[in-house]
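Structure, as structure tokens:
Every chain is named by a letter (A, B and C) in the order it is written, and numbering of its residues begins at 1.
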Amino acid sequence: MGVGIEVTNLNAWYGTNHTLQDINLNIPANHATALIGPSGCGKSTFVRCLNRMHETNPVGRVTGTVRIGDLDIYKDVKPVQIRRRVGMVFQRPNPFPTMSIYDNVAAGLKLNGYSNKRTLDDIVEKSLKNSALWDEVKDDLKKKSGASLSGGQQQRLCIARALAVDPEVLLMDEPASALDPVSTSKIEDLIFQLKSQYTIVIVTHNMQQAARVAEKTGFFLNGRMVEFDSTHKIFTNPSDKRTEDYITGRFG
Amino acid sequence: MTRIRFQQSLEDLKENLLVMAGLAEQAIQRAIEAYRVRDLSICDLVSRSEIAINRLERDIDQSALDLLAMEQPMATDLRFILSVIKINADLERVGDAAKSISDRVRNMEQMAAAELPVDIPRMASLAADMVRKSLQAFIEADAEIARGVLTMDDAVDAMNRSAYKALTKVMEEQCHLAPQALNALMICRSLERVADHATNIAEDVIFWVQGADVRHHKNIAAPKDAQPMT
Amino acid sequence: MSTEYQLRSRIRAVTDHTVTALAVLATVIVVTPLVAIFIYLLYKGASSLNLAFFTQIPKPPGEPGGGMANAIVGSAIVLAIASVIGVPMGIGGGIFLAEFGRGTKLANAVRFTADVLNGVPSIVMGLAAYALVVIPQHHFSAFSGGVALGIMMIPTVCRTTEEMLLMVPNAVREAALGLGIPNWRSVLAITVKTASPGIITGCMLAFARVAGETAPLLFTALGNAFWSTSLNQPIEALPLQIYVFALSPYDDWHRLAWAGSLVLIVLIVLAVGLVRYVTSRGVLKGVS
């Protein structure tokens, strides 16, 4: 089951660059929330603050509070632990090149010390089914390498890999931007199905995609969150003129 | 500013709708004039402009459809295009009402003149006023003017009801005047329809400008500050 | 306009062909010495190859027969010791430089040291091993020879490992991090594994280089005319044996030296080929 995310006074820096300023928002559990905004507005940085990946950059710094469920992720737990509860799918599919499909999906479990073979088989199958890839690869699980699949399949493999560790939150950073329309549709359908089990945060450049999959949408601009509301409101009658201008393409 | 072509297309759509609005308004004015002076040549003008109005209706709907499909309009632009489509339909109906009135005038030309206890010119001018104001609200994107139109509808409805009562009484008591009374009744009904269409246009303008759907509500206040109707 | 265009096209085509020819020529020039050496060795040494060569130790000059069996075995032992010392330390150093110490002053110092070590003449390396191992132990040994060669392997293995690890795309590291895999585990199980073909190539390069080194063994392994597999005794090695025999005044030994040179080169090629074959079976194919 998914959990809600509560962000309070989040500020982030890359060196001296104040990338995120005073972000406050509540991401509801078991919903898909989209984050839109022009390039460089900080939405990717924001998402990387939610699983403490921002600080892996040598000059990355974060202040503020992020509560996922009942945990303050910057105070109560170690980064490694939070990343097992908050999965991430990246813009470009990045399956592990030396591993088979099976090993890719199981990587998060195996490399965290989990080794019960029978349950691993079940988890791999369930994850691949959840990411709508099972039927296409079930005969080649251990024979084919993860990198030999098509782009859309690779991205679904990465989703399966993220789901295998049973996270509560799934962060997706422009997951379909490198994919063709058919693969994009498959991923969007997938997000729709996954919503009921996980909390999903999706960063996207594509406003129509945000409108299609997310119940709530946040508009970021220059490191600040300008407006956060139901997707319906944002796209039919936004409250802030800057949101309106971005959405209608008057700047951007 | 980006999307210049799109902005231009929106402007063109507005222009075309205003042309059609002009034709519809003119048709109503002419129909009422034809009634006042019993001039059949004006009726012909109304019939001819009906054709132009119908053609424009098709063209505007087609342009709007294209914009929806090709440009993925959002927020204000989306509401604007939706309003245009609906106002388009209402204007075409206004044109139809005008033709209907001119047909009644033609009919009455073959009957004897009669004094009827209804002030059709006044009702007509009120209805035409509503149309003019709703179009002004559209041109100026002004929701307040549009709200003004909504309040005028009640007066027209009241006049229609009293006309109905008066004309029914005439038909009962002076049977020889029944055809004239019936025609007058139908003209009143057409005028009442015109007023309704003007109301619809005003509601669509409010939807476009404020994103508020105020149709079928007795309470016509803006979304945030509720003001009961007096 | 058209004729000018045609003229330019012709010039372009001619330039293209010329440069291609030059490139082929350069390749031929590079490969020729290698092939020439090999053919010459075959010519000079093949006739002396027989079973005895591979099974017997050298006989005193004048006696027919004899071989370099002890040198072959000795080389194998010394190189094994060198690999055990050089490969882990080199790979470990490379992993540190690429994954854990990127940008730190310590890393810069390590890199600098490795580069310096690379440039040290092999005979000086042998003298260093003499001072560090032979003198305290009061005797020459296979072990000290292994140490000398092992230290020579380290810079090559280390720098190649670092380069190969740096070539692993950051996306792979991020994917592992995103799964909550601890950094050390991700480095070993994923990053290193991804770079392993390149790392192994680096090890082979180092191995091939030290397999033919003679100078470091002069004062460490020393050489041994008899069978010996003990790590604490002086031991023979192929390059060493070839050196001694080539400088001797005896024809028999000269012939053995030619044969030994041929065998040395063939053994190195075989070793490298074997490693390539074994590892290519292990790495999954099918990368798109």
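Keep this in mind: contacts are C-beta pairs under 8 Å (C-beta built on N, C-alpha and C of every residue); 3 or more make two chains touch, one makes a residue touch a chain.
This structure is a prediction, so every number in the text was calculated from the model and none was measured.
Chemist: Can the chain contact pattern be summarised as a line, a ring, a star, a complete graph, or none of these (other)?
Modeler: Graph shape here is a line: each chain touches the next, no loop.
Chemist: Please name the chain that ends up farthest from chain A once chain centres are defined by their CA atoms averaged.
Modeler: B
Chemist: Which chain, with its centre taken as the mean C-alpha position, is closest to the global C-alpha centre?
Modeler: Of all chains shown, the one whose C-alpha centre lies nearest the global C-alpha mean is A.
Chemist: Any idea how many Å lie between the Cα centroids of chain A and chain B?
Modeler: Once rounded, the distance between the two centres reads 52 Å.
Chemist: With chain centres taken as the means of their Cα atoms, state the distance from chain A to chain C in Å.
Modeler: Each chain's C-alpha centroid was found; their separation is 46 Å.
Chemist: Take the average of all CA coordinates in chain B, do the same for chain C, and state the distance between these two points in whole angstrom.
Modeler: 93
Chemist: Which chain C residues qualify as touching chain A in the complex?
Modeler: Touch residues, chain C against chain A: 103, 169, 171-172, 174-182, 185-186, 189-190, 193-194, 196, 283-288.
Chemist: Under the definition above, what is the set of chain A residues touching chain C in their complex?
Modeler: On the chain A side, the touching residues are 51, 53, 56, 58, 80-85, 87-88, 90, 92, 94-100, 107-108, 111-112, 144-145, 147-149, 158, 161-162, 165.
Chemist: Would you pull the chain A residues touching chain B in the complex into a rising list?
Modeler: 207-208, 235-238, 244, 247-252
Chemist: What does chain B use to touch chain A in their complex?
Modeler: Where chain B meets chain A, its residues are 1-3, 6, 72-79, 211.
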